[in-house]
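Each in structure tokens, the structures are laid out below.
Two complexes come next, and they have one chain in common, chain A, joined by chain B in the first and chain C in the second.
So, the complex of A and B:
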């Protein structure tokens, strides 16, 4: 095995290790939030997996450079998303604090509740920008396909869970879970699409 | 400029042949589930199995749409459909996220999760308008 191949393999392995850690931590956070049923703990619980995103992002950049797929648009997308995730955590923490301070009857509660939606909208905007800015047709094709598969997964899960919820057989699933679910499904699809032989 | 009817394309005809039975399955299954599952039913294998059927009907509709995107051999039509689907996904994610956070902080009524698919279908209209605006 040549030095370059060995280095690429080590990069890939490090990247996937961080990615696996990140996804596991996110799923653990989601399960913990559902289990403790205290939405106000969400910002605190989200901080740990979000911190794992930093080395994951860094290793992804190094890996892409090593593999000869340096996509500036993808690097930009990842950076925008990472910043939006930290903004989301900060906004959630701020909204919880502000919500407690102004009380449940305040007319300002709606405005407070809408603040954490802004970083989520930035995450969605970043995906749209990436598709517009990516100049590598192959990478764009893969991104579109994985986004379509991620969307189909969210719709399928929501429809199946939704009908069970309709008959009160399962608890209500919060709408804010849509974007994290989409992100996980899209990334799984990306791995599948990158599999040898596809 | 050439005009073409979607139904002149074999992929669209196959899509409709898959979509309408899936819709029929959903309608029958939701009626059956409403009839068979009492209001205060416990979650057990039978009730969950019956309640899963309408969801599977919707999954079949989504599968039919996915097959359409795979089987469309006209690259232009495929691009239009993909843009619509991506726009609809953006709309569905946005509505679910915004409403989800309002649910968390305020006393708005909960958004039933099964509404995500109808919202996505509404998003297809947004995608169609986006295509028109782009002159496609």
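So, the complex of A and C:
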């Protein structure tokens, strides 16, 4: 194995280790928030995945440069997404605190509850902008394919889970899980599409 | 679709990164085209053809 190949492999491995840690922390936080009634701890819990997002983003940039994918559009997308993740954490923390303060009967609860959804919409907007801004046709092609696979996975899971829910065979799944499920499925698709022989 | 990109590149002693820089694409793109995982668009095929001074049919071959 050449030095460059070994270095690229080490970069890739570090990046995916941070990505796995980030996703696990996100899912762990979601599970804790959903199943443990500790609303006051939510802002603190959300800080954990945020801390893992920074080294994950940094390793992704280093890895892309080393692998010959120095796409400015992808770097811009990653930065927008990272900012939106931080905004989501801040908004969610603020909304939970404000929601507790104003009480469940206040009409303002609608506005408070909608605030954390705005950064999620920014993340979706960043994905669309990336496809419009990417000038490298192969990277765009791969991004479109992985997004299609991610979308197909979400639609399939939602249809199957929803039907099982109708028969009360599985517990209710929150609708907001669509975005993280899409992101995980899209990332798995990206790795699969990069695999040798594909 | 098969292509002679690897041979043409080797004749000029270019690395994949060198060719990517000439074409203004990522090294991953060059790798994907060379290995037949991705067929380039017509505008990119023309850029490749112009770079090597060959017609598209002399670079890209039917399966």
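Things worth noting here:
Keep this in mind: the second predicted complex is superposed on the first by the 184 of 198 C-alpha atoms of A that agree within 3 Å, B and C clash if a C-alpha of one lies under 4 Å from a C-alpha of the other, contacts with A are read in each partner's own complex, and residues count from 1 in each chain.
Note that in this section a contact is a pair of C-beta atoms (placed from the backbone, for glycine too) under 8 Å apart; a residue touches a chain by one contact, two chains touch by 3 or more.
Quick caveat: nothing in here was measured; it's all calculated off a predicted structure.
Applying the stated contact rule after C-alpha superposition, one finds that A:117 touches chain B and leaves chain C untouched.
When the two complexes are overlaid on their common chain A, residue A:103 makes contact with neither chain B nor chain C.
Comparing chain C and chain B on the residues of chain A they touch gives the larger count to B.
In the superposition on chain A, A:141 makes contact with chain C only, not with chain B. In the complex of the two chains, the chain A residues touching chain C come out as 67-71, 136-139, 141, 198. Contacts from chain B toward chain A in the complex involve residues 30, 33, 37, 39-41, 43, 47-48, 51-52, 54-56, 58-59, 62, 65-66, 69, 82, 85-86, 88-90, 92-107, 110-117, 120. Contact residues of chain C toward chain A in the complex are 16-17, 20, 25-33, 37-38, 40-41, 44. If you check the complex, the residues on chain A that touch chain B are 39, 95, 99, 104, 109-110, 112-114, 116-117, 120-121, 124, 127-128, 131, 144, 147-148, 150-152, 154-156, 158-170, 172-179, 182.
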